[in-house]
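Listed next: structures, encoded as structure tokens.
Shared between the two complexes below is chain A, which pairs with chain B and chain C, respectively.
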Partner chain A sequence: MRSALPMVEAPGAAEIEALRPDFSHPGALAQRLVLVDGVFAPELSSAMPEGVRVRSLASVLNEGRADLIALLAPANADGADPILSLNAALMQDGVVIEVAPGARSDDPINLVYASTPGGPSARFSRSLIVVGAGASIRLAESLHVRAARADETFSGLQNFNCLQNFNCLIASVGEGATFNHTTRMTGGEPGGVRVESLIASIGAGAQFDSFALVTGAGLIRRQIFMRFQGPGAKSALRGVSLLRGREHADTTLVVEHAAPDCSGRQLFKYILDEEATGVFQGKIVVDPLAQKTDARMLSKALLLSDTAAMNNKPELEIFADDVACGHGATSGGLDADQLFYLQTRGLPFAQAEALLLEAFAGELIDGLGDENLAEVCRSEVRAWLSRRAPPGVHS
Partner chain B sequence: MRRAYNLRHVVSTSPPWSRYDRLGRLLLENRLMLEIRRLNVSIGGRKILDDCSLTVEDGEVAAIMGPNGAGKSTLAYVIAGRKDYRVESGEVILNGVDLLALEPDERAARGLFLAFQYPIEIPGVATMTFLKATLNAQRKQRGEAELSTPDFMRRVKGAAERLGIKPDMLKRALNVGFSGGEKKRMDILQMALLEPTFCILDETDSGLDIDALRVVADGVNTLRAPHRGFLVITHYQRLLDYIVPDRVHVMAEGRIVKSGGKELALELEKSGYRNYLTDPDQAVA
Partner chain C sequence: MAAVQETVDRVKSIDVAEYKYGFFSDIESDKAPKGLNEEIVRFISAKKNEPSWLTEWRLDAYRRWLTMQEPKWARVDYPRIDYQDLYYYSAPKTAPGPKSLEDVDPELLKVYAKLGIPLQEQEILAGVERRVAVDAVFDSVSVVTTFKEELGKAGVIFCPISEAVHSHPELVRKYLGSVVPTTDNYFATLNSAVFSDGSFVYVPPGVRCPMELSTYFRINEQNTGQFERTLIIADKGSYVSYLEGCTAPKRDENQLHAAVVELIAHDDAEIKYSTVQNWYPGDSEGKGGIFNFVTKRGDCHGANSKISWTQVETGSAITWKYPSCILRGDNSRGEFYSIAISNGRQQVDSGTKMIHLGKNTTSRVISKGIAAGKSQNTYRGQISAHRKATGARNFTNCDSLLIGNSCGAHTVPYIESRNPSTQFEHEATTSKISEDQMFYCLQRGLSAEEATALIVNGFVRDVLQQLPMEFAVEAQKLIAISLEGSVG
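This part shows the complex of A and B:
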């Protein structure tokens, strides 16, 4: 990995104030929690749904609440993973979200990562969400991309682009709860580095789904450590990565079945153009007592140029005997028959290709269950496709 | 209008003129639509079309019959512009335009349509989205304005009703999970909407039940017009009872070996293709 840049200083009141216009217009995200350079900014955040309590990581650590502190340092991942160790050492702040048992909100809580302008720098945050038993909640993470302001010079913007984000989210999903998580790792940071860790433990009978849309950074790593803690839980982890140039995106998964009767589905798709590299390493671990586990993992990559590359490393570690587990990986180009069929109907090659690529990504976006978010994702996919090099360059 | 376009194209893009003496005459009479001249095509080093020649005149319905593997679908694909075949020599001219120089979508914009022997499933692309995209893409290529949504909906609904296509099929992904017959109807729906000037139907009848066959044949018959040609590939005389051809061509071993009127289909029904495979003297290339 590239070297970590110097850590950014905690934002001052004036810097936070300067971001206010971005969050005070009518179209601003509702139910939002804003981290500025990794530090929780209540001034920029808005009201939470009923039954949801939010504090900064710093205040929770000061309070010394042992239950939350234990969750903030999960045994299944910390220590084993260098990125998490780095995050533990350097985390500046974050949010702690407690969702009361039985609380419900159909609209997502938006966790927004904003940055102040300045020289190349790194920011580290660690957040926790505790979803109480039987609660039903959505959490949507996204990167706040600031519009250029008149008083900012071009070089200021360039520096703004050289950011490193190391964010970690820990989720504890209670019995019978439903937790739907999405993250859009999108926004123009050609030289940027983004490393997101998601550590989830899933209680009995709970449902945990996560979706990631990844575009537009130099180096991206997304890692998920997930454990089925109680029986009868279900989970679907999905992601779409769109990469070009010399971008590199890595999805690393460890799904541990520590309880019986759980069903886990993982499907990650990549569209790789130019000299981009995709990585998928997924590991399913089935503990001896996790009988009747139903686990399936799949990665699918579309390579749009000869110089793009996809690396797959699926692993199964199964210690129970009555389980259904499988993993697979496909990579290749677009289907020539489909392209030809569309062309014979009058669609120029580039348009036929775009239609198929949109459909490839759209399969996962359609299943999001949040139409607003789905539309945002679709338009981001379209925007990415519209920036493709004209046909003939690769074909 | 079209005549002027055709002639201009021949003159400007296909010298030398002398090769087109006969074509030129037909064009001036505005009778020739498709001309395939001595087409040689191979795939993976194996020759599939062998000096294949065929003409279809304006407003004509031509049928091609022939044994499995004769090269019928290959001919259809090469006319439509599929890339994996190697065209070694020969010409394909549609309405005076050299098709072999064009991309498949450009051929479509010039009025060519191929109903596939096996229509392709396109997961994730809603049928309506697809229909609208194709219709507007072709209009754009021809310099016409995009259709308004109500106008588009009206056209699709009307055509779907005539072809017995249920509205819920239009909401699904294109051809995905459609039965064989449903896929064929969907291809004919596209043909009806795109209003091509030259239609190739590759075994559109196979896999159709008797009612569907009649519906599809009606679809074709309503499109029959003085300025629209058809090339109907089939194994069965039955289709030709519904779509009565002006000409019947027999294809064997990569070329047209006999041409005749509609009675030729009846003859084939009785005697099969044996003659055409064993006796090269029968060939009328």
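This part shows the complex of A and C:
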């Protein structure tokens, strides 16, 4: 583990202003909420769809609304996890998004994490989204990567990227609501640390899906603590991680079935090249009350080099008898038969390999249900594949 | 839902587990003073008249043990064990050394007759087609070993380890602690310090052991811990099948059992190790029963070697046991077949480790857990492939069956891959007996109880098939006993 960096200071008006050009051009993300160094910057954010109310975490805490404050410190993850405890102690700010019951928006709300230039530093944020009963909303998280400008030296850029991000998102999904969450954990640089926590409680009959695309950036840990609160809810958690160099990506899940008749699906895929390490540790907990639970967890890893490593720990913890739960984990190299087949059809080795890898990752991306985002993810996968070192001598 | 409801009612009405081996035999014993210190370690070593290197080996382990902490990572919960409140050595007074059956105390023979274990060589010859050589271990000592002569003709050495220390010191010294070192873990280190007896098997190159070997462990004395040590060496191209059985009297206090089993398979050798573990599980309220903390490990040392573990776990209040294989030789193979059945308030945390080091090593793990009553049943396993383990393959399948809604089934697999040419597959499911299966059986005229037994037996069939025939019959009966009262 890398050592902790000093906490960044809250951004000044000038620093926020300096970021404005990145968000004022015509191609900038719509419906966006921007956090600069973990602090909500309304100046850089744009209009929200109808029925969505946004405030900074600081203002909600000042206001002292007991219901929101209770949600910000969820009981199911309290004290159990050192990363959450650290986040609770050091969080600077964040956003609180309230979605009115019945509100709908097909376009996603974009939650963007931006950073000011400066020395190596750490930032902590905690955000909350409350999705009212029957509402339907999408939330897309991403890291804002600034293009290098002419006036910035190379070394300045290096420092700019050496960051530690500890973000926590808490989601409360009301009865019958639909909440679709995606996060692109891309664009970091070696030496960076990102630790993202998502705590979700799902009401009766609600649907909660989350997808993560992870590429690059030194050390990443993504942890999800999810709890089915009411009966009949559904959820699908998915993720694709593409790693190379000495990158390390960890997915930690705790899916708790606390109500009957819920169905949960988790599928995570890893493509590991060079000396990268992938970690998947998932746990399904079925409480005694959660009869008729239908839970499936699967992790699949492709190792592309002799020095890559995958560590899997899919756990089941079951206290109810009338359930159907399963988990699986596979790891291995690309199927030699498939490669051979494609080569017999005239594809060069590298292209055959890329095709299979793209298909492996693509299975999850195709199911996103948001074509714009899917295209962004696909191109990121392609870009990652194109940066692969040319293959050596293959038989 | 009728069948389900009935099952639930049955579980609720469980009284005391039917444990038919729970009798206590009043046999005078020779005990070491209570407690554990260097003197006791020396006392045990002196009782066995051990050479000084072994005494030092024990003392070394004991000193290390003092610096270690009891592991707490397993999913089991038990009261603190007072290691000073135990007898570390207990031997029936009338057994100075196992010579032949005539010398054995008839009372002891009665115990084994009551347990249904054949110690009379003639009887076996007359009655059963296949013969089994038996080493009977009673508390801390081996009381008799049968068929030694006949095995000797084939060159197979099968004797208590305390005897092997004297008759084959070079083998014992070479292999003891080579798979499970004295530094391995808290319970293995404790065992290294105070181990009393157990079996020693050496099968010379190219020999197929002419009969099944087996050891029956019996804890009889009160407040006694049993710390047996088994060492099996299969030299090049040999084969041996070894069976282990264990029982203990019903007592209100918990008894400690911390064994170590080491297997070594050289080139082209195969060891098949089967266990029917039937220690006293405690009553339905969780009072009494054996704490079973066992370290079992096999070293597939040579190329093309094979080690296969088969276990049927029905007893013990606490089970902490992970029979493992180190797949060191190229093309070596490890297998683990397990049925773990828990009822009452039993807690089982069991599984395996397959450590792939050599090239083209393969392993297979089939684990079936059945939890009933208020028990907790955990599968914990590790499959790992070293960077050099090119072409390693593993298939793991662990299924759990829950009977009743106050029990728990858990699966904790660790799958670590460091080599792209490995193929690791893991799958696990948890379910209850489906109503469709039940309905079909009932509709064919079976009673609910027969139907459940049939379905459960089908569920564990993959594993039962791996057992030697004599054991398979016994295991099938055991499964019926430990589910009695829980199956609707």
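Rule of thumb we're sticking to: the second predicted complex is superposed on the first by the 391 of 395 C-alpha atoms of A that agree within 3 Å, B and C clash if a C-alpha of one lies under 4 Å from a C-alpha of the other, contacts with A are read in each partner's own complex, and residues count from 1 in each chain.
FYI, a residue touches a chain if its C-beta (ideal position, glycine included) is under 8 Å from a C-beta of that chain, and two chains touch if they have at least 3 such contacts.
Since we're looking at a predicted model, the values are computed, not measured.
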Practice prompt. Using the superposition on chain A, decide if chain B and chain C clash or fit.
Written response: fit
Practice prompt. Have a look and say if chain B or chain C is in touch with more residues of chain A.
Written response: C
Worksheet item: In the superposed arrangement, which partner chain does A:L356 touch: chain B (first), chain C (second), both, or neither?
Response: first
Discussion item. Which partner chains sit in contact with A:A4 here, chain B, chain C, both or neither? Use first/second/both/neither.
Written reply: neither
Fill in: Partner chain(s) touched by A:A308 [first = chain B, second = chain C, both, neither]
second
Worksheet item: In the superposed arrangement, which partner chain does A:D322 touch: chain B (first), chain C (second), both, or neither?
Response: second
Item to complete: Once the structures are superposed on A, label A:Y341 by its partner contacts, choosing first (chain B), second (chain C), both or neither.
Response: first
Response to the item:
Shortest Cα gap between chain B and chain C in the overlay, whole Å, is 12
Worksheet item: Residue overlap on chain A between the chain B contact set and the chain C contact set?
Response: none
Fill in: Footprint of chain B on chain A - complex, ascending
336-338, 340-349, 351-352, 355-356, 358-360, 362-363, 366
Worksheet item: Which of the residues in chain A come into contact with chain C in the complex?
Response: 288, 291, 301, 303-333
Practice prompt. Under the touch definition given earlier, write down the residues of chain C that touch chain A in their complex.
Written response: 4, 387, 400, 402-432
Fill in: Contacting residues of chain B [partner chain A, same complex]
80-84, 103-105, 107-109, 112-114, 116, 119-125, 129-130, 133-135, 137-138, 141, 173, 190, 194
